[in-house]
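Same chain, two partners: subunit A is paired with subunit B first, then with subunit C.
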Partner chain A sequence: MKNQRSGLVYSAPITLWLTLLFVVPTLIVIVYSFLKKGTYGGVEWIFSANGYNFFSSSYFLKVVWNTVEISVAATVITVLIAIPVALYIATSKYKNFLLFLIIVPFWTNFLIRIYSWIALLGNNGLLNKLFIKLGLEPHQFLYNKSAVILVSVYAYLPYAILPLYSAIEKFDFAMIDAARDLGASKMTAYSKTFLPNIKPGIITATLFTFIPALGSYAIPKLVGGNNSQMLGNIIARELTITRNWPKAAAISTILTIVTVAFIFTLSKYDKDHKGGDV
Partner chain B sequence: MKQGNIKIDSISKSFDGVEVLKNISFEIKGGEFFSILGGSGCGKTTLLRMIAGFIEADGGAIYLGNEEITHLSPNKRDVNTIFQTYALFPHLTIYENIAFPLRLKKIKDAEIDREVKKYLEMVKLSEHANKYSSQLSGGQKQRVAIARALINKPKVLLLDEPLSALDAKLRQHMLIELDNIHEEVGITFVFVTHDQQEALSVSDRIAVMKDGEVLQIGTPSEIYESPANAYIADFIGETNFIEGEVVEVEDEFGYMESPNYGRIKFELDKDVVVGNHVKLTIRPEKVKVSKSKPRYLDDNDNIFKGKIEEMIYSGFQSKFFVTVEDKLFSAFKQHVDFFEEDAETIHWKDEVYVIWDSADSFLLEVM
Partner chain C sequence: MNKKTFSLNMFILTLVFLYLPLIVLIVQSFNSGMGGDWDGFSLKWYDELFNHSARLWTSFKYSIIIALTSAGISTAIGTLGAISLKWYTFKHKKYLQIISYLPLVLPDIIMGVSLLILFTSIKFKLGLITIFLAHTTFNIPFVLFIVLSRLHDFDYSIVEAAYDLGATEKQALTKVVLPNLMPGIISGLLMSITLSLDDFVITFFVAGPGSSTLPLHIYSMIKFGVSPIINALSVILIAGTIALAMSTKKIQKYMV
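For the complex of A and B:
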């Protein structure tokens, strides 16, 4: 009993913090989504579900599709790259140095890092200058879905590598030997022992990539084109240009629900078939 | 000959320019409990992993039965391993751990079930089938590893220091269990260990390794009683060494003059001539210590005087360390009677006589 009470006391600051900075703002967004839009932005305190009428818009559905497509592609590619990279780092002699290299990009502002991709791949970028020098046709790399996916993979890769690294570091590689010894080929040994044992790392890496990707704003804004706009961009437009706050709030609410549902499903999957600690 | 015999033929291996195995050749008989014994870095684990297929030899060949397996990958060899850390799969139940090799072979569920239950029974883990390895004790994990390695019915079971993670009592228990299982399945066991007690107690034969070479292969008593050299004598159990120059040679016995112990009689286990420099080993348990000079001395007895430097009482025996000149000589006395009631209690700093039968020493080296 005493322990439970002191637990409440100790968790009070973080509970307060989360309530004030996450729960309350989210509630405000949800409430705003059910209000009437003000003429010049803002809301009028009259109930209205008009914010949610976007489902009939084909443009909106297109953006939803873009968002899902780009996020899924970016996540799959990121995790597929992150697993071998994390495996390499975890088994390397120079793991501390390599981990340091993974963290180095965080020292530069996110936006600047996106802009540097423009400097690299833009129409007058480094790569195109090289193409011209080599006598090749210049190519428009940016302002399409692939560019958004590429830069997203770049941006979220460290977030995927780090949890995978910590899962792989705990993995006992004698298990690979054991599986081989018991008759498994190299591929089978990895898929039957390595992958299931780093599953928590894979799930965390997926969450850490997919969730920020769903809410992307800056990346599609800067390197995407008209056909690769994502929900984040629409929310911003409704808020600042069209000035339809209830609609922006409604899209945000839907996005929040999807994200929470996703986290919930994956973390439940993580707990399934789990037999005690590794 | 039984199947499951292994032939190691001129195997050599280097890591980063360091020779770990130096042109090793020997044979392991089918169905034998064979131990490879040596200190850390002697190459024993490298050799075991080579038989398992995890390390490729630089030169030489390995045969299992009549088949050369030198270049086969681990999954293609009729050999299974018990790893030092057991390497159980934590994401699978005990049942599924043991079923793992059979599932790979895509055997029917009913048959897998029958086999797994049989092996669970054998290692006495039937009621733990649905647990995970994290819920088991060290000894139980060990038994899962044994069942998992045996269910494939390999011709050879390799054991890589399997008892090193267990406490002393459990280690004894598992040794007996391993011995029983060996009896039951009848296949070849190759047991790698640094612990001479483990090797002595279960092996049919032992290979003693040092610095990538096999120094001696023999039965436990051969290795203990007639070690090939001073290193083995010292490595296997405790012993005393006596060096000196041969001064007289008879039919079966010789005499040497030792700078520390004087004139010593010894059995001629090897050919010597007067003038040879020789080294003897005499095991402490074969040496008697006595406060008074024995009334009757056999013609073959060696005797000299020393002073008790150290006494270690350990229940079933006492260890006496006697200084003679500036050398330490050890003698172990088994306490068959009550120690407290021993007629002639020996104390620290006592002057004592050290006695042994010259037939009990072993002539190690003639130089």
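For the complex of A and C:
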């Protein structure tokens, strides 16, 4: 066996499929980002760097800032909640059942999960109906940055809990007792033994939260306001409404480069510091 | 042990956070009124959902067709790809590893945008076929990595034994490798079906007029505002997925 030809036969369909429908479209996007905008969408085959000239637009810079701010906040909050939750599950007698409880809500459709917050906190949502009943002024809870962050945390939490859980499960808690016996305070014991050992889990949890957050489209669209739109929303707008394809292509290209750079840096950091695989 | 109480409290708060909005949906779906006031128990929103929402059911049918076809094709392609990466050497191996890893980590919207630009520039009509192509594309890498992780525990000596006993390469694949790999292949298939049914962003870009999948239809309903029909639909979807997950768990137990 192990002849060259079978290797080629088995790998041919996947190579062809992903080349035609992943590599080629990605290259087309990069090429389009350097072309002139067509009048009714599309492009003209004339070189132009206009697609990239959004850095002079203050609106664009604001959206970049929103995207970074929302993604970082959502990631930090998600990971900070996920660590103690994963710790509790990993040290419990009923691990499987507790994990099951965390996963069940995520069997629901992604949009329904977003919608459930609109039904709860929206202008005509349950909470406002209650406010009116109690004689209080209704309040606009949604359509701002905090709402986008809240719903993002809700959407990504299990993706952070699962890798942290598998990292914590491998941790030997006797190390903490040992550190305590050697005179370390409780804080020191946790920060010098627990945290370094679960680092691969923290890195994966960060990746699983931060990257989808960077590319968010539906969450800011449905629960964000005018001042909390993210890059995904601008890409969609340039593509379908403004019909400035080179610009949409340029923003996509930059988002791709940023994501790849981010993954590369984190995985290199992980390796340099002798992390396990996840 | 106050570390333990802290993590217990966080766990309980998290459960409340995760379940509260869904419980509100479930309760509201049985409310005959439209809002916060409880106007009495009623199944009228379920009646609306089942008897007066034809377009929703059409989109549901499209979702199922696309999920099954794209999961089938991507499972076949991904499984063969995993076998090639695990046991064979070929010239473009490194290239294949990179192009099957990247789609997993890039944000969905990037694939949506690039496929839309591809289909439009070659004048390929947007519709169910483009959605099928897109779903198969994002499913293949997931199948590949699920099957590949199962292959790590695969005892290759049984394949060698088959060859020693005179099996041809095709016989070894169909009689030894595939049956033994079945649990991994089924996990890949189920994962693809789930991802396909749930996908919104990529579908949003590559769908054409009249080819709404269920998530696209839900999206257009949400944009119209709070609708009790969505509440009823959510309850059906939650119940359906839990039932499905339970039964596939059982099926998988028998398969292993």
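Everything that follows uses one rule, which is that the second predicted complex is superposed on the first by the 251 of 278 C-alpha atoms of A that agree within 3 Å, B and C clash if a C-alpha of one lies under 4 Å from a C-alpha of the other, contacts with A are read in each partner's own complex, and residues count from 1 in each chain.
One rule holds in what follows: a residue touches a chain if its C-beta (ideal position, glycine included) is under 8 Å from a C-beta of that chain, and two chains touch if they have at least 3 such contacts.
None of these values were measured; they are calculated from a predicted model.
Residue contacts after overlaying the shared chain place A:Ala184 against subunit B, while subunit C stays out of touching range. Which of subunit B and subunit C touches more residues of subunit A: that partner is C. Shared-chain residue A:Pro196: touches subunit B; no touch with subunit C. When both complexes are overlaid on chain A, the residue A:Val68 reaches neither subunit B nor subunit C. In the overlay built on the shared chain, the residue A:Pro212 is in contact with subunit C alone; subunit B does not reach it.
Subunit A uses residues 186 to touch subunit B in one structure and subunit C in the other. Put simply, subunit C touches subunit A in their complex at residues 3-4, 6-8, 10-11, 14-15, 17-22, 24-25, 28, 35-37, 76-78, 80-81, 83-85, 87-90, 92-93, 95-96, 99-100, 102-103, 105-111, 113-118, 120-121, 133-134, 136-137, 140-141, 144, 159, 163, 169, 172, 197-198, 200-201, 204-205, 214-215, 218-219, 222-223, 225-226, 230-231, 233-234, 237-238, 241-242, 245.
Touching subunit C in their complex are the following residues of subunit A: 1-2, 4, 6-8, 10-11, 13-15, 17-19, 21-26, 28-29, 32, 41-42, 81, 84-85, 87-89, 91, 98, 101-102, 104-105, 107-120, 122, 124-126, 128-130, 132-133, 154, 157, 186, 190, 207, 211-212, 214-218, 222, 232, 235-236, 239, 245, 248-249, 252, 255-256, 259-260, 263.
Contact residues on subunit A toward subunit B in their complex (touch as defined above): 172, 174-175, 177-186, 188, 192-193, 196-197, 199, 273, 275-278. For subunit B in complex with subunit A, the residues that touch the partner chain are 52-54, 73-75, 79-81, 83-85, 87-93, 100-101, 104-105, 131-132, 134-135, 148-149, 152.
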